[in-house]
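As structure tokens, the structure follows; a few thoughts come after it.
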Amino acid sequence: MLNIQNLSKRFGGMDVISGLNLHVKAGRIHSIIGPNGAGKTTLFNLITGLYKPDSGDIRFEQTLLNPLKPHRIAKLGISRNFQNIRLFSHMTVEENLRMGQGTQISFGLSSLIPYLHGNKRQSLEGELERVLDLLCFERKRDLPASQLSYGEQKRLEIGRAVCSGAKLILLDEPAAGLNPEESAQLNEFILTIRDHGVTVLLIEHDMSVVMKISDIVTVINFGQKIAEGTPQDIRHHPAVLEAYLGSEEEEAV
Amino acid sequence: MELIQQLINGLLQGSLYSLLAIGFTLIFGVLSMMNLAHSEVFMTSGIMVYILIDKVHLPLYAAVPIVLAGSIALGMVIELVSFRPIRRDYHYAPLASTIALGIVISELVVNLSGSDAKSVPSVIHLSNLQIGEVLISSPQMILLLVSLVSMLGLSYIMKSTKLGRSMRALSESETAAKLLGVHVRFVVVSTFVLASLLAAVAGMLYAIRFETVSPFMGTMVGLKGLAVMIIGGLGNIRGAMIGGILMGLLEVMAIALPLGLTEYADAVVWGMLILILLFRPTGLMGSSVQTERV
Amino acid sequence: GSADTKPASAPSANQEKTATAKPIKIGFLVPKTGKGKDYGEKEEIATKIAVDEINAAGGINGSKLELVTEDTAGDNKQAVLLTRKLEKENVVAISGPHFSGEAEVTFPIANELKIPIISYASAKPGISAANRPWAFRNSMTDDKLLSTALPVFAKHYNVKKFAVIYDEKDAVSKSAGVDVLPVAIEKNGFEWVNKSNPLAIKTGDTDYSAIVTKVKGMKPEAIAVSVLYQEGAGLVKELRRQGVNVPIIGTVGIYASAFPKLAGEAAKDIVVGTYWYPEIDRAQAQEFLKKFEPEAVKLTPDASKPDPYAVNAYDNIQIIAKQLKDAGLNGDSDVKKLRETVRSGWEKLKDYEGTQGKMTIDAEGDGVKEVHTVTIKDGNYAPLK
Amino acid sequence: MEQSIFIFAGINIILALSLYVTMATGQLSLGHGAFMALGAYVSSILTVHFSIPLVLSFLAGAAAAALVGFAIGFPALRIKGIYLAVGTLGFNEMIEVVLRNVDYIGGASGLSGMSGTTLANVAVGTVVVLAAVLYMNRTRLGWAFKAVEQDEVAAQSMGLNVTFFKICAFTISAGIAGIAGAYYAHYMFFIDPQSFGFHTSLLILFYVLIGGYQTPWGAVTGAFLLTLIPEIFRGLEEWRLVVYGIIIVVMMAVRPQGLISEKTVKTIRSRFARKQRQSPSSISSLR
Amino acid sequence: MTAILEVKAASAAYGQIQALRDVNLDVYEGEVVALIGSNGAGKSTLLKTISGIIRPTNGEIRFNGAPIHQEQTHVIVKSGLVHVPEGRAILKRMTIEDNLLTGGMYASKHDTPHLLAHVYDIFPLLRDRRQHPAGTLSGGQQQMLAIARGLMAQPKLLMLDEPSLGLAPLVIKEIFGLIQTLKASGMTILLVEQNARQALRIADRGYVIENGGIKLADRANALLHNDMILQAYLGGAHSA
């Protein structure tokens, strides 16, 4: 579904991503892990078009993403959340989710015409309620995003990404700031959306999430892939232990 | 020869813009908000010079400290009423507030001293410097030196001192600065004091050079100062200096060169501003390194 | 029109003292705040002197004169608003406004509402002509002033090569600098050194070093400046500072009672054509000055002499009062009739003897008066001899 | 009160709404005087020189302004915040200089002879513009503007074409300002370049900031109040402007978000709509 | 042992929203105290209230015996109570070193180089990039900078709001190790963590906060084995 070949990106003389190949299969939960500064977020930024690659190809279902603007890429069916929260802080929870549907319905001049897309709007309403429900935001739906706590904002961002109805969702550290109980709920949530046929590309440092739900894990360091495999393989991979996990101990679930 | 004279004219004319822009940029650099009443401090200090010398008949050396003190007080008042009550989230509010305050200040001056321009008696006659055929106005020369010195001094302060770091921290985030132990009020007030001092010096030297002050003299010069700040890059003190000189030179050259642009001198200046922004959206010396991570 | 006057209301001194008739209201548009404040305040003094004089002398056929003063702040929008407001208040005529921009917007309204309006200061050519028959200006435009003053000036200093500097932002100065001065210079057969090379400053400028350096290089024998007096003072100072000591002739904008002090030592060999200067040799003028100066000195001690505009404002009231008095009308008369009387009075005004010598309103609705070529001597305007 | 005041109030409300539209996408413009000038000049030339009907000339004025707004929108994309504010101010000044030097339109002397603005047609114009802006705000287009204002990067990732929305806002806004300019010109009988200088742009900014930039209602309120206040204080004579300034300073200190904020509107709306709102939520809580 | 920090019946609100209710909390000198609770419980609000970013509506807060609930933040910081906030509050345009130096504002000229060297030793990565704008750092790197900056202030009491946020497992271990080292060197620490299990492991005592009020306070070890806590905050019993 997503095919990345020989991708490279430099910042100020530093190779942040160098010659990375990545293959994401449809309907999977594909995790990316790696030390801080390994280039994971940069990879997301490259996929979603916020950064332009120095070299290499990114293909999504045959479409070459390299020359596309971020909003085009979003419209192709790729949505994401942000590691540093970027909510529409003056909008309410509900409005934020509604903005997430931007890929599904035109927000342009045609929206000035009343009653256009009536059916579509209705179905989007339903979907919105469902997400509100799933994320337990019903009580806070009318609260401005700025008045949520960190963890709540984090959850809202995930909800917004999910609302887009995208085929591929990129989640950057969704569990950061959630307590174990909540990340367990998050696991359920991610599995649910996967079961709805959505592909998930996940960056996460919380191994209780990664190891439990990933179908495949890619480990990168210094912008290069150092390992790839099932969670079981990765857990015992020496290079990964050395660079990322540290000595093997009680991560076991 | 004429060209050299014109270059000097431009340099000197620009130094006034520089000095004002340094004040503008200093305040922006700390608060990330604009003080559009800053040019009224310049105007008021000019008017104060006139009142103290022409009406109160003080000698210049006695007038100077009073003007400086008055301007600092005015700067502090501006801070008190237009900035202190307003939280960062509402960064537009000081725009309206300081414009309105500027109106209040200039209308007060008009009501108290009339709307006419006033001639300042030449108590000290700083004679012009004549080098060959080139004529250099001494007060403007001083203005240029003051701008240079304050640029160097302030750049150093901003870069390498505790106060400077506090200022920069404050400009990015008030909460973060507080958590790091920055005494917010002290830093803000010091900034206004510094900026007002510069404006006062500019106002006084202007009064001495042109021997005329008026309640409206802040408007046009202030607008140019604003443009200069933008040309240099918000918060960049060296940028403000260079921008001012550039603006002065350009203004003079629009008149001096036989391009038929005299009537369009202003358009040339603003055109340059727009051009610069097109190619460098954050000014000549504004940081182009993208620090906003996604 | 004595036929209109009822026999019973034959003028009598005692009746006037008791003032049985309703007062006659005159509107007065004046900039009392903002950029024109200092002018406006003096215009108000002068106007009040005129009103007081008339009321002290018994008013107009049994009516007191009542002034309705409105502050335009020099702002076109407010001038529009206030003109309509004054009309609603049933004023008989409006004296004002001051600025040409304000005249541009108020004259059409006056024309539409059929109320006479007489500006005492506007000097931009053509505004009254475009708004016949209700708009007038008791002021003179540059073309008329310069056609007299320029030859006198040139002859006096024996100069033939002129440079022209004008203010491109101020409409009056620009039209004088672009249309009037060049014509006058060439008509007199003089040379215009910067013909292909316009020299412009603009209102609000303060540093004139560049333009002066440029003029200096052109080596003119004389300089004609079409600028307002505040900019004018700065400009001549800079000219003198850079050693350009040629004589200077100015347009209307440069004549101001505050100018000599503002220009200081630089105010040498500066000539301007005017229909008024304080030393003018007329009893009425000196009488007016005696009342005016003690008031004005309280406001602007440096410039207590009236500008031509204040004098015009004074004359405006006197002329209107005289017209109504002569027509035998008072405050009880129909306001439409009063207005028409004033209008036709102005239209026909000829050789009126006011403070400034004979004045006439020409077919365009503008004043035509005797022109004096004056220069600055000891900080005062005096005839060029 | 004199009806001129209401005419000016109407024109100012249109201006404030126009600036509101750009500010809705987070673009602070101090160049709206120039757009107003374009509308004023184009419509005036059409009515005075070509005797085109008023309505058509107004539309042409708006279109001309919108076109320039569209053109300005592109460079404005890269320029943000205060840079954009001062850049547009520079644009305003440049347009003024250019207008001053074009003889066909009267140069510094200005242009006169227009007429036709009445209280009735200003009222219609104001209501139509207000209704349009309010409607726009409720559509997804309005939401997109808000999203762009709050976070461009996030908006892009929601599939919103930030470029399109920003230029769209600039174009619409300039067009609205052009309409205001046309009304102004045909009321004043006379226009000159100075009537549209940066002072005008600053005044427009005032209306929006004092009234509140978060909603169209704020812009309307600000424009209306600030048109009226100077008239109410006429009795203060020369202290009028001082008092005016002080009022604004105090207002900003007390309500930096402007008189009418989004919250105000919401509170008022929910007060009216309380009953309807409560029923569905109580049903869902029963479930 | 004396309480270095005493929070007595403190309440705080954001406008109408009551975020803290009658919170009582003590931290004794040399302790590590963990504060746990779910999203929106009020943990960050409590820290903000202590450090003077928001004013309590009620109650009293004392640091070293002196009341601080009316003090300005910079005074509180100067007295040795330092708060490393959630969301990092990095000064993005300033270089990493300037960030650190600003953090070490009240250190003497003499101490500053040593302090710098010290934190660079803890986070060598920061040394490599010390002249870069801090905004270019990756999320986790920014978190390290925030912690390092807190250390620069040489606090007596350090309040860490989710220090492990966004850090790789290896680094989290280091951070927890660091906390223990700091404790050993005599620093007192108030720790807010979602990673409750690890937090409680290194803490002496723990508080559980829920809906803006303290629900439970006990020795950390006891909390670790409290069934209710296990269920609600530690992700269930099965992994104990």
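Lettered A, B, C, D and E in written order, each chain numbered from 1.
Simple rule for what comes next: a contact is a pair of C-beta atoms (placed from the backbone, for glycine too) under 8 Å apart; a residue touches a chain by one contact, two chains touch by 3 or more.
Everything quoted here is computed from the prediction, not taken from an experiment.
Undergrad: What chains do chain C and chain D have as common neighbours?
TA: B
Undergrad: Which chains lie in contact with each of chain A and chain D?
TA: B
Undergrad: When the contacting C-beta pairs are counted for A-B and for B-D, which pair yields the higher total?
TA: B-D
Undergrad: Averaging over Cα atoms per chain, report the distance between chain A and chain C in Å.
TA: Those two chain centres are 75 Å apart.
Undergrad: Please compute the C-alpha centroid of chain B, do the same for chain C, then give the distance between them in whole Å.
TA: So the centroids are 38 Å from each other.
Undergrad: Please work out the Cα centroid separation of chain D and chain E, and write it as a whole number of Å.
TA: Roughly 47 Å separates the two chain centres.
Undergrad: Residue numbers in chain A touching 2 or more other chains?
TA: Residues 41, 50, 82, 84, 86 of chain A touch two or more partner chains.
Undergrad: Indicate the residues of chain D shared as contacts by at least two other chains.
TA: 100-101, 153, 238, 241
Undergrad: On chain C, where are the residues touching two or more other chains?
TA: Touching at least two other chains: 33-34, 37, 168.
Undergrad: Please list, in label order, each pair of chains that touches.
TA: The list of touching pairs comes to A-B, A-D, A-E, B-C, B-D, B-E, C-D.
Undergrad: Please give the residue numbers of chain D that touch chain A in the complex, ascending.
TA: 135-136, 139-141, 143-144, 146-147, 150-151, 153-165, 168, 214, 262, 284
Undergrad: Looking at the complex, which residues from chain B come into contact with chain A?
TA: Chain B reaches chain A through residues 293-294.
Undergrad: Using the touch definition from the top, list the residues of chain B that touch chain D in their complex.
TA: 28, 34, 81-82, 85-87, 90, 92-97, 99-104, 107-108, 110-111, 223, 226-227, 229-230, 234, 263-264, 266-267, 270-271, 273-274, 277-278, 281-283, 294
Undergrad: Would you mind writing out the residues of chain B in touch with chain C in their complex?
TA: 2, 5-6, 9-10, 12-13, 16, 107, 110, 114-119, 122, 128, 135, 137, 206, 210-212, 214, 216-217, 219-221, 251-252, 255-256, 258, 260, 262-263, 265-266
Undergrad: Quick check on the complex: what are the chain A residues that touch chain D?
TA: Where chain A meets chain D, its residues are 48-50, 69-71, 74-75, 79-80, 82, 86-91, 95, 98-103, 105-109, 111-112, 138, 160, 164.
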